[in-house]
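Take a look at the structures listed below.
In what follows, chain A forms one complex with chain B and a second complex with chain C.
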Partner chain A sequence: MHIVVLAKVVPDYEVPSVDFELVSNRAHPRYTRMIGLYDENAIEMGVQLKEKHAASLTIMSYGRKEDIQILRKSIAMGGEKLVLIQGTSDDPFVIADNLKTAIEQLGGVDLVLAGRQSADMDRGIVPGVLGEMLGSRFIPQVSAVENEDGAWKVSQVTETGLRELEFVGNGVLSITSVPENVPRIPAVRAIFAAKKKSVQTMSGRDGDESWMSEVSVEIPKMESTCEFLPVEDMNETAMTLLKRLKEERYL
Partner chain B sequence: MGRVPYWNISYGIGIDLLAVPLIIIFLYGLYGHWKRIKQGKARLTFSLRNSSLKIGPVYIGALFTKGILGSRIYKKLFTGVAHGFLFWGMFLLSIGTALVFLNVLFGLPVFKGAFNRWFMSFALDAGGLAALSGTLFLLIRRLAFPPEGLVAPKARPGFVLMEVAITVIILTGFLLEALRIAHNGFDEGAFVGNWVAGLLGGGDSLSLHQIVWWGHGFVALAFIAYIPYSPLIHLVLAPINTSLAIPVPGPKMGVLDFSAFEDEEAEELPSLGVCKLTDFSRKRLLDFSSCLWCGRCHEVCPAAQTGKSLSPKGVIVTLSEYMNKDKFQDDSLLDEISANAIYSCTTCAACMEVCPVSVNQPKAIMRMRQHLLMERSEIPDIMGQAHKSLEARQHPFFGTGSGPNDWRKDMDIPSFEEGKTEYLLWIGCAITYEERTQKIARSMVNILQKAGVSFGVLEESRCTGDPAKQMGNEFLFSEIAQQNIEEFTSLGIKKIITMCPHCYNSFTRHYPPLGGLFKVVPHSVFINSLIKSGRLELRNGEQTICYHDPCYLGRRNNIFAEPRNVVASLGRLIEMPRNRENSFCCGGGGGNYWAEEEGTRINQARAKEALDTGAVKIATACPFCLLMLTDGLKKYADVEKAYDIAELVNNQLKDG
Partner chain C sequence: MKTVIIEIMDPNRLGELVTVSKKFCDTPDIIALGKGDLPGTFGKAFHTSETISANLVSDISELLKKEGYEIIIMSATTIGTGLAGPLAVRLSGSLISEVTGVLPDLVIERPLYGAKAVMQCKIEKKPLILTVRRKYFEKDMLEGTTETIELPGGPEKVILLAEKEEKQEGIPLEDADVIVTGGRGIGNAENFAMLQDVAAPLNGAVGASRGAVDEGWMPPTFQIGQTGKIVAPSVYFAVGVSGASQHLAGIANAKCVVAINKDEEANIFNRARFGIVMDYKKAVPALIDLLKKEV
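Moving on to the complex of A and B:
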């Protein structure tokens, strides 16, 4: 069994909104770069599957050469091989196309896991497009994967609950965060071992990005309004808070 | 008639002969301890500045004060005095017994004249009486009203037997003396012996004397031979342990060397931290063997006192039991102690401070924590998130609503410039990323500007890496520290003012071994010097202020007076019941600022103690303490009461 996990290095996803600024429609380069939030959940899930089924685990990323240092964490977490496709596009079709080529070059890949969103400015498009390009099944919002007798059993978290799905053959799954896939902290000896691992790099292809043009990018404006709730009875307060949040359509 | 050794005893020399095998048994017991202790690693020495007199590894001052005089025992008055009576009483009796042997062997004239009267009779009777009262107090306390620490999590078996044995030895000693006096007549100076002889009603039983003499001798020799196999081994181990403990406050974690991991040729990589007894140093194994199970550490531990699964005594007891069962290679140790307990330690060092035999509990706990994190990747959830943030962002404040420069918004603050600026005002993560603590930095900047101090800040605030170290990740700590050292060196920084005691502790204790040598001053000390030199003028108020000692400033670095002087120049200083070296932690140390606490919350317990003083304001000198106290106070007070001393000073600056 060969599993590929897609991981992307992105600007800090927790920059407080008061501090967030754009440069050329993208996050300011001063922000710390790190592996995407959900990508780490996907890596953790990949490592768990590797441990359970003695599978091969390749981490694949589309990005810049400087990202390698950051991506080594995925190897320290348990990835066996790191493949970087060098490129700077943030067009989901271009990224998916590059990933598809690299996956086909690897050969024999049974399952592709990706964070449910990250590489494409949190749009969550790449995994679906890639699934289509590879001719694989694509399931979004996956919280658990099992392989039983050659079939993949998948749990999908939706807004209204949990769906159990099953399929045979190759698949691309986008992974959401659940307590079971909280990314492990790499052991120190694994960090050192990861530093010594060679990385396979390949040049990415520029694709046709003309299918859609970006007119503008804006960040939400911070607004704060304050309302005090009575706290004599905490149950009552919680109920009031819930009601107010719903009234204001925050929930 | 003068005293005659072996009076009324035939073949008394038999007791001397019996002493020989029993002494061999005693020495064999000692050897057993050494055999166990030497399975630890030889101690790696690293230099920590201290001016204590030292011969080889032995600190002479500590040997006499803590080791022989048992100075820490007296921190608990009644127990201390009882222990003192017992120890010094037995000490006198042992000298007396040794003198009798010398008299028998070499004819040393100890039974003559004033020496006989005042030492051999009076002093030894007084010593016996003191030892008897001391041992009875300890025995009754242990059986009838044991303090919490003595029995939690478990009481030590073996003490009762030894205390009963001492009682028997002393009582039979007095009885022997009385029987001798009853037969030979009044013995000047032997006030107890004379009194007991009186109680015997003039009865003269030579055969009873013989029976008691042999019984007394057998029990005394058996008692001595049994010492190494009993809890009383602390008589030997405690002075050794205290004299080998580096007399610098706090656990002295040092830094780990990761070079073996870099080495491509290295065949075997060392295990990080501790998961079995043989990973500990010999000094730690000596700690575990010396522990009295007295539970003083348990009674002051903020974790143990608020219902967490950690008891420092419990940890040391488990470790010593593993030693006694020869489980040196058994790596079930961490599971036995539990990760929960290991992570509950706030590294406050209160346990070390009270331990009468200088056991370093937090170091043992931290070594196990290092293993959990660096080898097993085990860490509690919330602390794990802070750790992840440290790895990715070099600061632990995940989910913060503040950007790195928010603290200085609308302020004109100079950046540090080589050759122009004298002090780096180090901001640190706890001040940068929490809105409440940002006010400390803003106040401090104002104070420094008012006093005309040449200072500057870094372009972007950073973390010292201390939280990583406290969570157990030495590797991450040294990576962050090395980056800081490189930046400081390239900027020509030589003097640093800190507002966080954790940063101060890191800069002074953990940066030097990594090559970072800077002159570091905590803001409390700096502000105090500015006030003293008249560079700051304050409006003294009438308000009452109580001061909470941050563990890393007070107990860890002995800085008690300066912050108090600052507070005293602002209003009337009030002390909490637990203050200075006996201060109670705020609960935020050891990475536990990012913890979901079991049991009562430590910060609420401390906030209550502060409120109960009736003080109008609560001062502290640490951003973590301020955050913890502010949070703890929410349960009891509606208004803001906790402040950093920089904020208080800034508010009372004349013309401020």
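Moving on to the complex of A and C:
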């Protein structure tokens, strides 16, 4: 069994809105870079599958060479091989096309796990586009994966609950977070070992991005002034709050 | 422009998508999914009871090609996300997800960086597939009903083994006028239950941040935020929630946010109308006592 996990390195997604700045329509380069949050859930799930089924586990990313250091965390978590396709496009079709080529070059990949959304573009498109390009089934918002007698059994989180689905053959799954796939914290020894790991890099291909043009990227204004209620006597605070909510017709 | 909606037969979801469709046409066509009667007036209406996206891609892409749709609208939900990417490839079309605004001349608005920024982009190629973020468009009232044409239905490639609905006590989150959300700051599952005593007297619902869901205190269906439920209550209590932008993206249309957090620097106070800087273990019981007396 060979599993590929897709991981994208993004600017710190925890920067609060008030400190957020753009340069040329993208996040300011000063922000720390890190692996996307849902991608880490996908890596954790990949590592668990590797441990259970003695599977091979390749981590794959399309992005910048400087980010290799960041991606090494995925090796420290339990990934075996790291593949970087070098490129700078933000276009989901170009990214998916590059990932497809690299996955086909690897050969024999049974399952591709991706994050539910990248933590910069927030769009959840790349896995579905890639799935179709590979001719694989695509299932979004997956929270658990098992392989039984060659069939994949997956749990999918929907708006109203949980679905248990089964399919045979290759799949691309986008992973959502649940307590079971909260990313592990790698051991110090594993972090050091990961630093020495060789990384396969290849150059990416440009693509046709003319289907859309960016008109603008702007930071919306958050217009809210917080009125801090006095907290000396909490019973009084509660009373003030309720009164104000009623006066201002929120309740 | 020739426009079609693809959606399950939920009046709220349909209503919002009909509003979006009116930016492109007078009366959209529809591919209605799942069980029930189709509310609203549409041009051509197709129907299938299938709701697993992977099983729908082939049939729907053939139909979309045959009918020559230029605009294809879905909600940014499990099924919309499942269909959008594969259909875009099959149709060699354009695709924008998580749409929050539609402007003239095919300019589409969507958030990025956890809604810390908003992008406007002009679409240069059709067909255009859009998945629309919930609660950003007023829902159309959906008058009348429309007869549907049954789609043939292909072989099932993905099999549904079981489906579990997450039971909600009281009013559903999406419809609640008052929501009480707990975050990682609540600390444990037992204390999380306390929030129900704030919500219940106000006829409200309890929600959770991703932090609280990751801890296992609430199921994922109760998560509020850009990858959870998008809600628009009148009052939103955020208790022990830091106010990450991705969480705030789910409450952009909440009218009044009340934040209870022991850290006065927490980002939630930048969105709140009223702030209580305090340990929730002191603040919430006092609120519960008062609600018991007053409401």
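Here is the rule we use: the second predicted complex is superposed on the first by the 222 of 251 C-alpha atoms of A that agree within 3 Å, B and C clash if a C-alpha of one lies under 4 Å from a C-alpha of the other, contacts with A are read in each partner's own complex, and residues count from 1 in each chain.
Here, a residue touches a chain if its C-beta (ideal position, glycine included) is under 8 Å from a C-beta of that chain, and two chains touch if they have at least 3 such contacts.
Note that the coordinates shown come from a computational prediction; the quantities given were computed from them, not determined experimentally.
A.B. asks: Touch check for A:Val182: first (chain B), second (chain C), both, or neither?
C.D. replies: A:Val182: touches chain B and chain C.
A.B. asks: Please indicate which partner A:Val18 is in contact with in the superposed arrangement: first for chain B, second for chain C, both, or neither.
C.D. replies: Touch partners of A:Val18: chain B and chain C.
A.B. asks: Tell me which partner touches more residues of chain A in the superposed arrangement, chain B or chain C.
C.D. replies: Counting contacted residues of chain A, the larger count belongs to C.
A.B. asks: I'd like to know which partner A:Leu162 touches here: chain B for first, chain C for second, both or neither.
C.D. replies: The second partner, chain C, only.
A.B. asks: Considering only the touch criterion stated at the top, classify A:Thr32 as touching first (chain B), second (chain C), both, or neither.
C.D. replies: In the superposed model, A:Thr32 contacts chain B only, not chain C.
A.B. asks: Contacts for A:Gly46 in the overlay, against chain B (first) and chain C (second): which applies, first, second, both or neither?
C.D. replies: A:Gly46 contacts neither chain B nor chain C.
A.B. asks: In the superposed arrangement, does A:Gly87 touch chain B (first), chain C (second), both or neither?
C.D. replies: A:Gly87: touches no partner chain.
A.B. asks: Touch check for A:Met212: first (chain B), second (chain C), both, or neither?
C.D. replies: second
A.B. asks: Looking at the overlay, what does A:Gly115 touch: chain B (first), chain C (second), both, or neither?
C.D. replies: neither
A.B. asks: Where on chain A do chain B and chain C both make contact?
C.D. replies: Shared contact residues on chain A: 14-16, 18, 182.
A.B. asks: Which residues of chain A touch chain C once you look at their complex with the stated criterion?
C.D. replies: Residues 11, 13-18, 20, 22, 25, 27, 38, 92-93, 96, 116-117, 119-133, 137-141, 143, 153, 156-167, 174, 176-179, 182, 210-220, 222, 224-229, 231, 234-235, 237-239, 241-242, 244-245, 248, 250-251 of chain A touch chain C in their complex.
A.B. asks: Using the touch definition from the top, list the residues of chain A that touch chain B in their complex.
C.D. replies: Chain A residues touching chain B: 12, 14-16, 18-19, 32, 34, 73, 182-189, 191-192, 196.
A.B. asks: Under the touch definition given earlier, write down the residues of chain C that touch chain A in their complex.
C.D. replies: Checking each residue of chain C against chain A gives 52-54, 57, 76-78, 81-86, 88-90, 94-98, 107, 110-125, 157-166, 178, 202, 210, 213-216, 220-221, 226-227, 229, 234-235, 243-246, 248, 255-259, 264, 267, 269-278, 282-283, 286-287, 289-291, 294.
A.B. asks: Contact residues on chain B for chain A in the complex?
C.D. replies: Contacts found on chain B: 258, 261-262, 264, 269, 272, 373-377, 379, 381, 384, 387-389, 391-394, 398-406, 473, 475.
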